[in-house]
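Step one of this worksheet: look at the structure below.
Per-chain numbering from 1; labels A, B, C and D assigned in written order.
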Amino acid sequence: MITKIGVLTSGGDAPGMNAAIRGVTRYAIEQGLSVTGIIRGYEGLLSHEIMPLDRRDVGGIIHRGGTMLRTARCLEFMEEKTQKEAAAYIRENDIDALVVIGGDGSMRGAQALSKQGIPTIVIPGTIDNDMDGTEYTIGFDTTVNTVLQCVNRIRDTAYSHDRVAVIEVMGRHAGFIALHAGLAAGAEAVLVPEHDVSLEDLCMHLNESHRMGKMSSIVIVAEGAMKGSDVYDYIKEHTYLEPNLTVLGYVQRGGSPTARDAIMASLFSEKAIDCLLSGTYNCVIGQIGETIAATPYTEAPRYHFPLDENMYRLVHQLGR
Amino acid sequence: MITKIGVLTSGGDAPGMNAAIRGVTRYAIEQGLSVTGIIRGYEGLLSHEIMPLDRRDVGGIIHRGGTMLRTARCLEFMEEKTQKEAAAYIRENDIDALVVIGGDGSMRGAQALSKQGIPTIVIPGTIDNDMDGTEYTIGFDTTVNTVLQCVNRIRDTAYSHDRVAVIEVMGRHAGFIALHAGLAAGAEAVLVPEHDVSLEDLCMHLNESHRMGKMSSIVIVAEGAMKGSDVYDYIKEHTYLEPNLTVLGYVQRGGSPTARDAIMASLFSEKAIDCLLSGTYNCVIGQIGETIAATPYTEAPRYHFPLDENMYRLVHQLGR
Amino acid sequence: MITKIGVLTSGGDAPGMNAAIRGVTRYAIEQGLSVTGIIRGYEGLLSHEIMPLDRRDVGGIIHRGGTMLRTARCLEFMEEKTQKEAAAYIRENDIDALVVIGGDGSMRGAQALSKQGIPTIVIPGTIDNDMDGTEYTIGFDTTVNTVLQCVNRIRDTAYSHDRVAVIEVMGRHAGFIALHAGLAAGAEAVLVPEHDVSLEDLCMHLNESHRMGKMSSIVIVAEGAMKGSDVYDYIKEHTYLEPNLTVLGYVQRGGSPTARDAIMASLFSEKAIDCLLSGTYNCVIGQIGETIAATPYTEAPRYHFPLDENMYRLVHQLGR
Amino acid sequence: MITKIGVLTSGGDAPGMNAAIRGVTRYAIEQGLSVTGIIRGYEGLLSHEIMPLDRRDVGGIIHRGGTMLRTARCLEFMEEKTQKEAAAYIRENDIDALVVIGGDGSMRGAQALSKQGIPTIVIPGTIDNDMDGTEYTIGFDTTVNTVLQCVNRIRDTAYSHDRVAVIEVMGRHAGFIALHAGLAAGAEAVLVPEHDVSLEDLCMHLNESHRMGKMSSIVIVAEGAMKGSDVYDYIKEHTYLEPNLTVLGYVQRGGSPTARDAIMASLFSEKAIDCLLSGTYNCVIGQIGETIAATPYTEAPRYHFPLDENMYRLVHQLGR
C-alpha cells in the first residue's frame, strides 16, 4: 500500500512544472498520502537532497516558471549501479512510489527505477511536445505563446524596414514549436525537421510574395531543421531581399505558465495520483484524444503523435 | 456555384476574429474565390458598407485584437423585413455565400439569412465558449489567459495584505472563463452559474483554510453566478477575513490573440471555405472531440458541451 | 553608531518594494551592517514578528510584485502609547535605525517613531506618486504601464464597436496615474482631482470629435475626480454615443516592477543607507530634479510636486 | 512663414516613433499647419513617396511598435548631389520645414539638408540612448523593459538548473541598455563598452558568489563590449560553473511603447513644432536635466551624457 510518495522534476525545465508539483502534492495529501520533494532530479537521489512537502510549501508557485525543486540532467543515472543506489535511498526513506515530471530522458530514468522495483509514474513536462504516450506535454503552450510574442515584436522591425525576419526556435527533433508559432504568427514559411527543406523553394516563394506586394515576411526555423544563420545567409546571397536573424534561445523556456499549461499540469497530477492509488504504475500520463490516459512505458511508443500535416500545409497557404 | 463570398463579424468582439478574417480571405482567394468584407456586422448589410478584400488587405492583422471589419449588435435584424432587405443586398452584390464570425446571436442571424435563401456558414467567435455545435469558440483562450494575468497581479496585493481577493469575470450564462482561469490561477473557489452557490459554505472553507495557515485566497466569480460585490459584502460581514474586490470588465475582451486562438481561427476558416466549396452550408463550424466539424444549425443544440465537472471539483481540492 | 538596521514595508503595496528590500539589505550588508526584516509593517513591531535578512534571503525577489515582508495599515499606530511600545521593542532588539518603505501614512508613522528617539528614514513607495519630498515614488511607473496595457486591450473593443471607453483608475488625491496613462494611451480626455470637471464640456468634445470622424474614444477618470459610473451615465444620457465602463481596481497594484521602478528602488536604497551611515536621518529620500535627496520630514511639504499642467493641456490637444 | 511641414522616420526603428508621428501631426494641425508624411526616411525624398497626414491618419497608432511611415538607412544620402536633389523635392512640394525622427545618422542627414537651406528639426528616436543633445531617446525605456522581461524568463531556467545566464543585448557604442536592464534585473555583472572588461575578474566574482551560496547568476553583455559567446566560452573553460547563452537580437527593437516612451514622444513633438513656429530650427530636441531643450546641431556634442558611474558600481554591489 502506498502511504508516501516522492516527486521530482528532471531534464530541461518547462513552464507548468511548478503547477504539477503543487498538483501532485496537494492532491496526494487530499487522498491521505504524505509527500517528499526530491531536489535536482535524479541527482538529488544520489546526493540525498530531499524535503517534506505540505500544502503550504507549494503555495504561491502555480504561476511561476521553472521548478522550485530545481532540476538537472544526470548522466551517471544511465548506469545500473547508480540506479540501484537511488532505489535503495528511496526505500530507506519509506517512499513507496515516485512521480517524475519531465521529458523523454526522465521517462527512461523512471523506467530504470521501476526495474529496480520502485513504482514510478511520469508526468510529461517538456516544452518540445515530443514525447511518446501523449499528444501534449506541459510547457508547450507557454513556449509557443512566448515565441509568438517575440515574433510580434520582431514583426514591427520587419515591417518598418521591409525585411525578411528569420527566427530560429527550439525543437531539435520535432517541429511543433515552429509549426504552431508559425501558423499563429502568420509566418510565410516554417522549416521543421519532419520535412525536407529547400532553400531554393523558400527564396522563390519569398520573391514571388514580394513581387505581389508583400514587403516583409517572417520565416520560422526549428533548430533541428537547419541553423537560422544558414537560412539568413542563403536569402542574403540568392535574393535581393534583406533578411535579419534572431535566435530566440533561452527566452523560450521560462516564464509564467499559460492557463493551458497550468490546467494540464493539474489534470495530469490528479491522474498520476489516482493511478498510484489504484495500483497502476510504471506508466506515462498523457493526453490521448479527449481523455487523460496512463500508458505503460513499454507501450508508449505505440502512441507517437506526429506533426499535423494539414497545419503544415495551411501555414504556407495563408502566409503569402 | 460559388465565386464570391462575403465575410462579417458580429456580436461582441473576440480576440482571433482578425485571424479568422485573414484566414477566410486568404484561403478563399487561394481557392479561386473573391471576397467582400461587410462592415459592422449585419448592420453593414443594411447601411451598405462593404469593401473588397484581397491578400494584402488582411496583412498585418493576425496578431491584433478586436475586428478590422468592426462589429455591432443589430436588434432590428430580428425582423423578417430586415432580413429580406439584407438578402436582397447580398444578391445585388453577387455575393454567393456569407461567412459569419460571431456567437449565438450571430448564428441566429445567419440562420435567418439562410431561410431567405442565402447560403451561410458560421465560425464560432466569442470569448464565453458557450455555443452549440462546438467545444471551442475563438477568443476563449485569450480571455482566460488575460484573466489569469490579471489574477496574478491581484495575487501580489492579496499576498502582501493577507486578503481574500474576490474577482468578478465575464460569463453571463456559462462559467467556462471562471472555471478555467480559476484552475489555472490556483483559486480557492470558483462560483459559476452552472452550480448553486452557498456563500455560507464558501466562508466556511475560507475560514478553515485560514486556520490551516493560508493567509490569502483568491475567489473567482462568474458574473452570471452572482455579483462580485455581493460575495465581497458577505465575506466582509460573516468572517474576520478582509476581502478586496475587482470587477475585470472590458479588460477581458481585447488584446492580441494567443497562439491557440489564432490557430483555431485559421483551422475554422479553412473548414468554412472547404464546406462552401463542397456545397455544405447553413452550418456552424466547430471543434467536436478531435475533429473540426460542420453541424447544420438545426442540429447544433445536440452538440452542447457543458462545464467539465471534474475540473470544477479539482479546483476546490487543489485550492486550499 | 549604527550597526544594525530594521526594514519594513507599510501601507498599500507597490511594485518595486521587494527591489527596495533587496537594495536596503544588500547595500547595508556591503557596508558592514546587519539587517532585520519586520513583518507586516508597524503591526509587526507590536506583534513582534521579525526575521534576520542576509544576502540570500533577498535573492530572487527583485522582479516580484508585492512585498515579501508583507504590509498592513496599522490604525492603532496613531496613538502615542503604541508608538512608545514599538520604540521599546526596536531598542530591545538592538535595532539602531529603521528604514520604512511606504507612502504618506507610513512617513507619519516614521516621524512618530523618530519623536520616540528612533532614527528613521523613509523610502517613498506608493503607486500614486503623491508624496511630499519627492517627484517620484516607487511603483508609479509600473502602475502607469499596467493601466496603459489594460487601456490598449479595452481600445480593441472600443474600436470594434465604435464606443467611448470610460476607464476609472486609482488616484484618490492626485491625478498622476490618470494623466500619464492618458497621455501615453492617446486618451481623448482625462479627468483628475486637480481640475474641475465639466461633463458638459466633455460631451461637447466627444460629440465634436465624432462629427469629425473619430468613431471611438478613450476617457480616463481618476477615482478622486469622479466615479467612472457617473461619467458613463452622463455620456449615455446626454449624447448619442455609446459608452462602456471599466473600473480597473486592484489589477493596477501588483505585477513585476518595470525597469524604472526596480532602478529607482535600488538608488533610493543606496541613498537611505548612505544617509544613516553619515548620521543623516528622520528624512524622506526622494528624487528632486536630477538628484536623489534626503529631506527632513518637517521640510518635506516644501517639496510638493503638482501635476504637470503642460501635459494636462497636451493630452487634450493630441487626443482628438 | 511655415505653413506645411514634412515628417519622416529614419535609421533603426524604435518603439514610440509612431507616437511621435502622431504627436507631430496632430500638434502641427492644431497650430494651423498642414502635414506631409515621407515614406522610408530620406529614401522617400529620392523615390518621391509622400502622403498627406491628417488627424485620423495617425489614429490608432500611438501604441504600435515600429513606424507607420517605415524607415530605411540611406547610404547615398551622404553625397551632396543627393542632398540637393532631396532639397529640391522638398521645395517642389511646398514643404517649409522637415521633422526628422531618428538617431545620430538621421541627425547628420538633417544637418545636411539644413545646409541646403531646408529648415529641419530632429526628434531623438533610437533604442540605444546614445545621442548628443539629449539624455533620453525615444525607444530606450521600452527596450530596457523588453530586455528585463526576457531576463526574467531566462532567470527561471538559470535558477532551475543552477546556471550562469549570459545574455547579450544591443548597444554597439554605449552600455545604457545593458546597465539599466542589469540594475533592474539584479544582474551579477554587466559588461559595457565604456569600461574595460576583465573576464578573469568576472569569473573570480562568479566563483566567490557561488561559494557564498548563490547557485545561479545573470551576466549582461552589451554587444559593443564583447561577444556574448566569448563570455560564455571563458566561463565554461575557466570555472566549474555551467553557463548558458542567449543573444537577444531583434526581440529588443519592437513592441508597444512603454508609457514613458509614448509620453516623451508627445512632449518632444510639441517642442519640435513650437520651435518651428517660433523660427528656431536646425536643432535637436532633447531632455537636458528637467527641461526639454532645442540645441543647434553644431552645439549638440557639448551635451553628451555618459553612463552613470554610480549605477555601474551599484549593480555590482547589489548583484552578489
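Assume contacts are C-beta pairs under 8 Å (C-beta built on N, C-alpha and C of every residue); 3 or more make two chains touch, one makes a residue touch a chain.
The model shown is predicted, which means the values in this text are computed figures rather than measured ones.
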Along touching chains only, what is the step distance from subunit B to subunit D? 2
Touch-network distance, subunit A to subunit C, counted in steps: 2
Interface sides of subunit C and subunit D: same vs different residues, half threshold: same
Just the number, please: Cα centre separation of subunit B and subunit C in whole Å. 35
Could you put a whole-Å number on the gap between the CA centroids of subunit A and subunit B? 28
What residues in subunit C touch two or more of the other chains? 152, 155, 159
Once the touch criterion is applied, which pairs of chains come out as touching? A-B, A-D, B-C, C-D
In the complex formed with subunit C, which residues of subunit B make contact? 9, 12-13, 15, 17, 40, 64-67, 70-72, 146, 150, 152-157, 159-162, 165, 244-255
Complex contacts: residues of subunit C adjacent to subunit D: 19, 22-23, 26-27, 30, 55-56, 59-60, 62-63, 141, 144-145, 148-149, 152, 155, 159, 180-181, 183-186, 212-214, 256-260, 262-263, 266-267, 270, 289-290, 310-311, 314, 317-318, 320
